[in-house]
Each structure stands twice: as C-alpha cells, then as structure tokens.
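Take a look at these structures.
Note that subunit A is present in both complexes that follow, paired respectively with subunit B and with subunit C.
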Partner chain A sequence: MGHGKYIAPPKGQYQVGAGQRLELQFVVLPGESRDIEVTVDLTGPGAEVDLRGLYLCHADEQVRFHIVMHHMAPGCRSRQRFCGVAGGRADVRFEGTIVVAPDAQQTEAYQENHNILLSEEARAESRPQLEIYADDVKCSHGATVGRLDEEARFYMRCRGIPDREARTLQILSFLSAVTPPERAEEVERAVRNL
Partner chain B sequence: MDDILKDVTSAAYKEGFVTDIRQEFVPKGLNEEVIRTISALKREPQWLLDFRLDAFRRWQKMPAPSWGHLDLPEIDYQDIIYYAAPKKDADRPKEIDPELARTFEKLGIPLHEREALAGVVAVDAVFDSVSVATTFRKSLAEKGIIFCSFSEAVREHGDLVRKYLASVVPAGDNFFAALNSAVFSDGSFVYVPKGVRCPMDLSSYFRINAAGTGQFERTLIIADEGATLSYMEGCTAPMRDENQLHAAVVEIIALKDADVKYSTVQNWYPGDAEGRGGILNLVTKRGICHEGAHLSWTQVETGSAITWKYPSTILKGDESSSEFYSVAVTARRQQADTGTKMIHIGRGTRSRIVSKGISAGHSQNSYRGLVRMMPGAVGARNFSQCDSLLIGSRCGAHTFPDIRSANPTAVVEHEATTSKISEDQLFYLGQRGIAPEDAVGLIVGGYAREVLSKLPMEFAVEAQKLLSVTLEGSIG
Partner chain C sequence: MEIKDLHAGIEGQEILHGVNLCIRRGEIHAVMGPNGAGKSTLSAVLTGKPQYSVTGGTVSFDGRDLLAMSPEERAWAGIFLSFQYPVEIPGVSITNFMKAAVAAKRKAAGLEPLSGGDFLKLMRQKMALVQMKPEFSKREVNVGFSGGEKKRNEIFQMAMLDPTLAILDETDSGLDVDALKIVADGVNALHTPDKSAIIITHYQKLLDYVVPDVVHVLKAGRIVATGGREIIDAIERNGFEQF
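Right, the complex of A and B next:
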C-alpha cells in the first residue's frame, strides 16, 4: 500500500511498509449500525498511520470499532482519534489495541476515544489498550465518556445564542478534529437533525 | 547498562529466611473431609461449616480464570496443605514462641506492646494460618473497637461476622474467592462502632512460612456510621523454589459517612532470577460504600511471582467516594496484573484512580481497570491516570482499562502513558554529579511520589526502601 487516503473503508487488514503513510477516515452517520474491524501492521521503519473516526447516533444504532495497531518495526508513528455522540437508545463500543513488538524501538503511538451521551438510555463503552514490549517508546491513550459542558452552553446562551444552536455548536466543535473537510456539510446537517 | 540490569534481577530477597518451629498440619489435599477438619480444629459453629461446604461445592464447578495477561502455572490443588498452625507450647499457652517472636523481630514488627509504643500501631500478626498475637486490643476495646483474629471474632462476635461475611464478596464470586471461602484459615476482623475515630493505625502482618502451604487469609472490616479507621497490611514470605499459593479475600463495609483507608505493602518472595518459585498472589479485595462513605485503597506491590489483584469499590450510597492509589514494581520474571474496579451506583459518587507501574528485567506489568456508571449514577465522576515506566528492553507494560457508562450526566476520564526514563533526565542529574543509580532512585521516587505520599508514615518509609532495593541500579 502506497501513500494514500481512504474514506470510510470496509473491514480490513492493512500493511504499512518502510516510509509509507496510511490515513483512514471513518464517518458513521445517524441511522447506520456499523461494525468496523481494522488491523494495521506497521512493518517497515518510519511507517506512519493516522486513523480518524466520527460517529453520530440518535436512535437505536449499534456502532462497534475494533482497532488493532501493531507496531512491528522501529521508528514508526501512529495516531488514532475517535469521537462520537450517542443519543436515543444507541449503544457504542470502542475497542482499540496498540501492540508494540519487542524490537519496535522509538515507537510513537497515540490513541484517543471521546464519547458524549445525550440521553438516559444511550450506552457507551470504551476499551483502549496498550500492550508494550519495548522500552524506548512514547505511547499514550485517553478515553472519556461525558456530557456537553453546561458552562460553555450557559456562556453562549448569555450572549443570545439559542439553546439548540449552542448545542449544535458544541457538538460540531467536539467532532471538528475528526471531521473530514469534504464531509463537513453532511456532518453539520446530521448534527442539526440530532 | 546490562551489568546493572543484571543487578536488578539478582537483588537478594532479604526476608527469605525460614523459621524452624514445630507446626501442626492438616493432611495435603482438598476435599470435604479436609474442610470439616479445618472447621473442627477451629471449633467453628455449624453455619460457618455450611458456608465453607457451600463455597467448596461452587468452587468445584468453576473453571480457573484465564483472562489475565499472565502466564499462570498449572496449580495442583490436591498438592497443597490447606492448614498449618504453629504448635503451642503447652507450658506457656499465653506466650508467643520465642522463635516466632524472633521471626517477627527480624521482619521489624513491633509485637510487644512496649516496642509497639514507639510506632503506636496495633498489630495483628498472622503466621501461616493462625493469628498469633494481637496487640493493643485492650486500649481499643475501651472505645468499643473490636480488632482481633478472624477465628476469635467468629467465637466472640458471631452475629457481626455472620451478618457481614460474604456480603461484599459472595462465596461464588470468582474461582479464588470461592476457594478461599471454602478453606480460609485466619485473618483480621475489625469493627469500629458508630461515630468512633480509631485512635491508631491498625496493622496486620502476613507471613507464609511452612513449605507447601497456601495461605488463605480472610479479612473483614466494618466501619459503622460515621466511623473512621486506617488499616495497614504487609506481607513477606521465605525463599523456596516451588510456587506457594496465597488466595486471600478482604471485605470492607463502610456504612453511612464512614471513612476507611486500607494500605498494603506487598513484598512476597518474587521467585529467583530464572522465575523459579515465588508466591502466586491471587487476591480478591472489595469494599462497599454506603451513603457519604469514603474508601481509599493504597497499594505498593513489589513482590510475588504472580500478582492478580483488583481492590474494588462498590459506590452504592449517594455521594460516596473512593480512591485507588497503586505502585506496582516488577523485576526479574515477575508478572503482575493488577488494577481496580469502581462501580458507581449512587448519585453524585466520585472515584479517582492513580496507578503507577514500573517494569524491569524480564517482567510483565499490566494495569487492568473497570469504571462502570450504572443508570442511577446521576452526576457521578471518575478520573483515572495510569502511567507505566519501562526499565530495560526485555520487559512489558500493558494497560487494559474498561469504561462503561449508562448515564448521560456521569463523566469518566481515563488517560495512560508509557515511557522510559529519558536520557535527558539522566544526563541532567549526571551533570550535577549524581551517580546513575541515585539518579534512577530519584526519578522513580518522584514518579511514585503521588502514591507513596498517601501511605501512613511508617509504611511510606518501608515502601521507599523496597522501591530502591527492587530497582537497585536499574539503568546506566
């Protein structure tokens, strides 16, 4: 696989060799139940991977991510960012593993998963995992499940922004880092209809 | 650097001496007869025997768990002696065997009250399966505090034990908890009455001595409404080249507005450099917090060949809170899979997790944690921070958090990092004339400081020492 950019790929197994770069973007819009399984092997020195995922659920969707990022060669970098919003009775689960093999020194691997629950019956689970067998590495992950910031909304409402618009702006900014520019309008429409 | 790494993996185990005293054993193996014998030896009431037998029957139907990131050796449960007690010298039934007293002295436990006065701690020392001495009992009794061995509590405070036993960890909770419920030998029992602040830190000290014995400690701590207590537990075991099993159960009940602090320094024998022998530390610890109660777990884990331990809190009452602070150090071929569970049930519950893993040598060190927000956990909050430090290129550090939220007003945050001691840090300290070993000590000390500072003072000193011994000269 060469230098490439893929939008919302199917389940898949990817190999990224020396000096290559892989970018994957996932967009799951309301009404879609998806089960996304992706395994990426970084097999050559200097390989780089960037994964971004966005999911919006408002009814009874089930969204699952299973990501395995396998650093098999030294000096590779990977970054994963997954952000999602769940309303209605939606059930979202993220499971992502970073494995750093014993000789994959100078690895940099980052992983983030952030979720916002909008309703009483929505459920979110997050399982970010690190399995590290080399010492000269920089790896981190972060995961959150929470709600929209009341204070930020209050701030906007004080300045005359209607509640609904304030909420839309909050969600859009929460998702901005993982929204592909070419699909920004589509995402915004979906957020307004949440 | 390789030489120094070798030092880490070969640092001698100081507590590895065997005490030569006569002991009483129950024959090897596990069956209903053995359980009946243990129960009879301890002169237990019928309900407790029934409890044991029920647990045993459940255990027989359970498979051993295999989900840990551990290479657990096959355990032959029929090849273990389930009960060993130091034989009492008939002439001096009230006294502690001088040999035994010397063992505790070597370990630095202030067993005699006049020695204890210096440290002002009450010690419940458990030698293999029976609790040999409980100090300071009288002064505690004046405040209505009960601090005694578990067997004694069964005899003298049967109602309390019966009411709370297995109320947090049911007999069939998991494989090792069921095993413990069937064969548990002794442990500590604490009850602090309503509104009483326990005037001193309570402490138990466990030590596995007899060859081929398992230790099945059972501890029950009850803090009544508004009570406050701090409990410390320390563990060591002699050197042997076989694996020894330690399957303990600790239950903590914090009633309305109670405040409990539970601290552990675990220094069981970790096995030799090739991974032979060592303690298999398979422990279930769990507490329940009622309304407004607070439970704080602090652990420093430096020993054991295998550690499988997840001190957990059920935040049942509204506005209850819990904390988990952990430093887990693995060297040689040690394996640790440890962490916590925070189950938020009540409104406005709070929890905080700070875990610091340090792996060196050929060891594997995992953090595994669950944070669960139940539908009723309105406005609940959790923050978790898990850091791993790698020393040497042959070890592993792993993080397996599990976050589940079923409430839109609950907030859960988790973050984890993995790194090694950077060359820059070492260079900086080296430039200032600090030897590499001391530099590592400083960096590791700073790294673990947030957790060590939560320990009761005299434990903090011991823990600091343990850290530096375990990691002696761990980098070049």
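Right, the complex of A and C next:
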C-alpha cells in the first residue's frame, strides 16, 4: 500500500506499513444502499490513516459501515470522520472498532460519526468500540444523532436567506469536513434535491 | 413601524401583555428593561422567530402587515436583527454567507446578483467600517470568534444588508470598551435620516455612544415609561424598581 487517496471500494482490507499513509473517502449518494466493510492494519511505526465518509439518504436506503482500525505498531495515527444525513425511512448504522495492540504505544486514534435526521421515520445508530491494550495512547470517539439546528436556520432566514436555501447551506456546512473537493458539486446537487 | 397592543409568548405562556410602540423613519428608540421583561420576546416576534406566537395586536411596517411575513420576507423588506447570541455556522465562510444573503435580497427586489468584483468591493468597504481585517471574509461564520468579533460581525452584516430598521438585541453585552466603541461607531455611521433603529438593552452602556431619540422601559411585558435621556439617568441611579 503506497501513499495516496482512493475512492474506496465497499469492501477492503488494507495494510499500512512504516511511514506510509492511507487516505480513503466514501461517498454514498441518495438512492444507494451500501454495506461498507473496511479493515485497516497499521503494521509499521509512523503509519497514518485518514478515513472520511459522507452519506445522503432520502428514501428507504440502508447504509452500513463496519470499520476496524487495528493499531499494531507504535507511533501510528488514525483519524476517521463519517458524517451523513438520513431522511425518508432511511436506516444508517455505523460500527467502528479501534483496536490498539499492547506494543502499539504512542498511538493516536480518533473516530467521529455524526448524523442528522431529516424525518421522523429515519434512523441512525452509531456504535463505536475501543479496545485498548497499550497504556500510552490518545484515543477518542464521538457520535451524535441530531436534527438541523433551528437557531442556525432562523439566523440565516433573518439575513434574508430563504428557508429552503438555509436548509441546504446547513447540510452542506455539516458535511463540509468530509466532502471531497472534487465531488463538492455533485454533493451540492444531491443536497439541493433532498 | 407601528406596534399596537401586541400580545405574544412562547409555549403557551404570554410574555408581552399589550405592547405599543411607534417608530418613525430616522428615529432611534431604546427599549430598556430588567431580565425577564420580555425584551428578547419582542425582538423574536418582530423578526418572526418560529417558536413564538402572537396572540393579539398588530405590527405594521411601511404599511405592510409584518406579522404575516416570513423571517426572510421581513429581511427583504428592510428589517435587520443583530443577535444577542450570534450563531456559529461551521463550513460556511463569511463571504459565501453574505453572498447568499445579498443575492436573496436583491432577487426579492427584482435585481440581478452583484458581479464578483462589485461584491468583493462592498465586502471590503463594510469590513473596514467595523475594523475587520481582509482575512476575516474567509473565516467560517462566527466559528471561534471572540464575543467582540461576533458583535462586530453582526454590525458588518447589517452594513452589507443596509436595512431601514435595525433591531440591536443586547448588542452591548459581553463587549469591552474598545469593541463597544467600534460597534457604536459602525451603528452611527450607518444611521441616516431615512433609517430607524431599536436598541434593546439592559444597560445604558451602548446608549452613551449611540444616542436614542426616545427611551422606553419594558417591564413585565408592558411599556411602563417613555421619555428621553432622563429615563436612562433615572435607571442608572435607581434601577428598574421605580417604574
């Protein structure tokens, strides 16, 4: 595995060796049901991994993420950010496991999964899991399931931005950290049609 | 703007019990009151905040029924609210935020969007008014801003949107003297004889710099006194108890 950035296939096993860097990006657009299973082994000192995922669901999609981040060597860093929006009767599940092996000291491992629900029937579930067997590590995970912030929407409308446009801006804002620049236009079109 | 016998509240609880106010073009009115008087409710109702409901009375603005208009329609008609707690919008730059706001207002008036060059020129001009550095335009709206920066950003947005009636809700809260002066200078610079403002405040601080034509005291959901500078002095000496 070399350096670089990939639009990832739905299933994959990756090994990232000493000093190497892996970046994977996942984009799931409306109408797509996906089952994404990814296992990453950080096998050599100083390996770095950055995973970003974005999903937009508006009907009855089922989107699953199973991510296993296995820190096997010291001094490695991994960062995972998955953000998505679920409307209609969509069902999103995120399962992310971080394993830090006993000799993987000075590990830094971060995982975030944030969801916004646009309808009463949509569901999102986030199950982060940490298994840490080393003592000198920095690990964190954060998961949220919420709704669009009414206060921010009102703020924008008070500036004359129409309600629908304010909603679009809010969703794009929420997704900004996980949107690959080369797919920003496509994502914006999809958000406008949500 | 003419507010007549306005009753309004939130979650079924009435907070304003018949407010009357008449603000003519060119006038600056101060609405002062203690905590819980209904000051925030007044600004929320005038800008159409969804959670609030009006249970009686009327508000007309330039001859139009303000209460029938959506928040964005009120903005297009020339009303601006400077928020007590400006909201953070991560991932949206000030430039893009203002572009959307200015374009929407122009569209409502039947105007084409400004050209990129004209828009940036306007941005630079208005940022200078509140002493914002050029890199400010690239920052995400209110994200990581200090209290002073947030309020300067509000006045900057006000300058960009050029409202005919500005409502400043506790704009002086949390500001040090320097930031207060910048904000006040901005407000004064934007004030012209065809524009009006309502300054809603607990303290007299901002009113030392932006001088109101009329001062009202709002207490327990009613205007209990109306006058001039002498009211501010009376509040400064003896608080709100006397009203």
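Operating definition for what follows: the second predicted complex is superposed on the first by the 193 of 194 C-alpha atoms of A that agree within 3 Å, B and C clash if a C-alpha of one lies under 4 Å from a C-alpha of the other, contacts with A are read in each partner's own complex, and residues count from 1 in each chain.
By our rule, contacts are C-beta pairs under 8 Å (C-beta built on N, C-alpha and C of every residue); 3 or more make two chains touch, one makes a residue touch a chain.
Here the structure is a predicted model, which is why all the values come from computation and not from measurement.
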Determine, for the superposed arrangement built on subunit A, whether subunit B and subunit C clash or fit.
-> fit
What is the contact status of A:158 with respect to subunit B (first) and subunit C (second): first, second, both, or neither?
-> second
With the two complexes superposed on chain A, say which partner A:13 touches: subunit B (first), subunit C (second), both, or neither.
-> neither
Taking the superposition as given, does A:131 touch the first partner, subunit B, the second, subunit C, both, or neither?
-> first
Now for A:172: first (subunit B), second (subunit C), both, or neither, which partner does it touch?
-> second
Subunit A contact check, subunit B vs subunit C, more residues touched by chain B
Following superposition on chain A: angle at subunit A, subunit B versus subunit C, Cα, nearest 10° | 90
May I ask you to decide whether A:193 touches subunit B, subunit C, both, or neither, giving the answer as first, second, both or neither?
-> neither
In whole Å, how close do subunit B and subunit C get at the C-alpha level once superposed?
-> 13
Overlap of the subunit B and subunit C footprints on subunit A, residue-wise?
-> none
Within the complex, subunit A is touched by subunit C residues 47-51, 70-72, 74-76, 80-81, 83, 86-92, 97, 100-101, 104-105, 108, 157, 161
Residue positions on subunit A within touch of subunit C in the complex are 149-152, 154-163, 165, 169-170, 172-177
Using the touch rule from the top, collect the residues of subunit A that touch subunit B in their complex.
-> 102, 105, 115, 117-120, 122-147
Interfacial residue positions of subunit B with respect to subunit A in the complex = 69, 373, 375, 388, 390-420
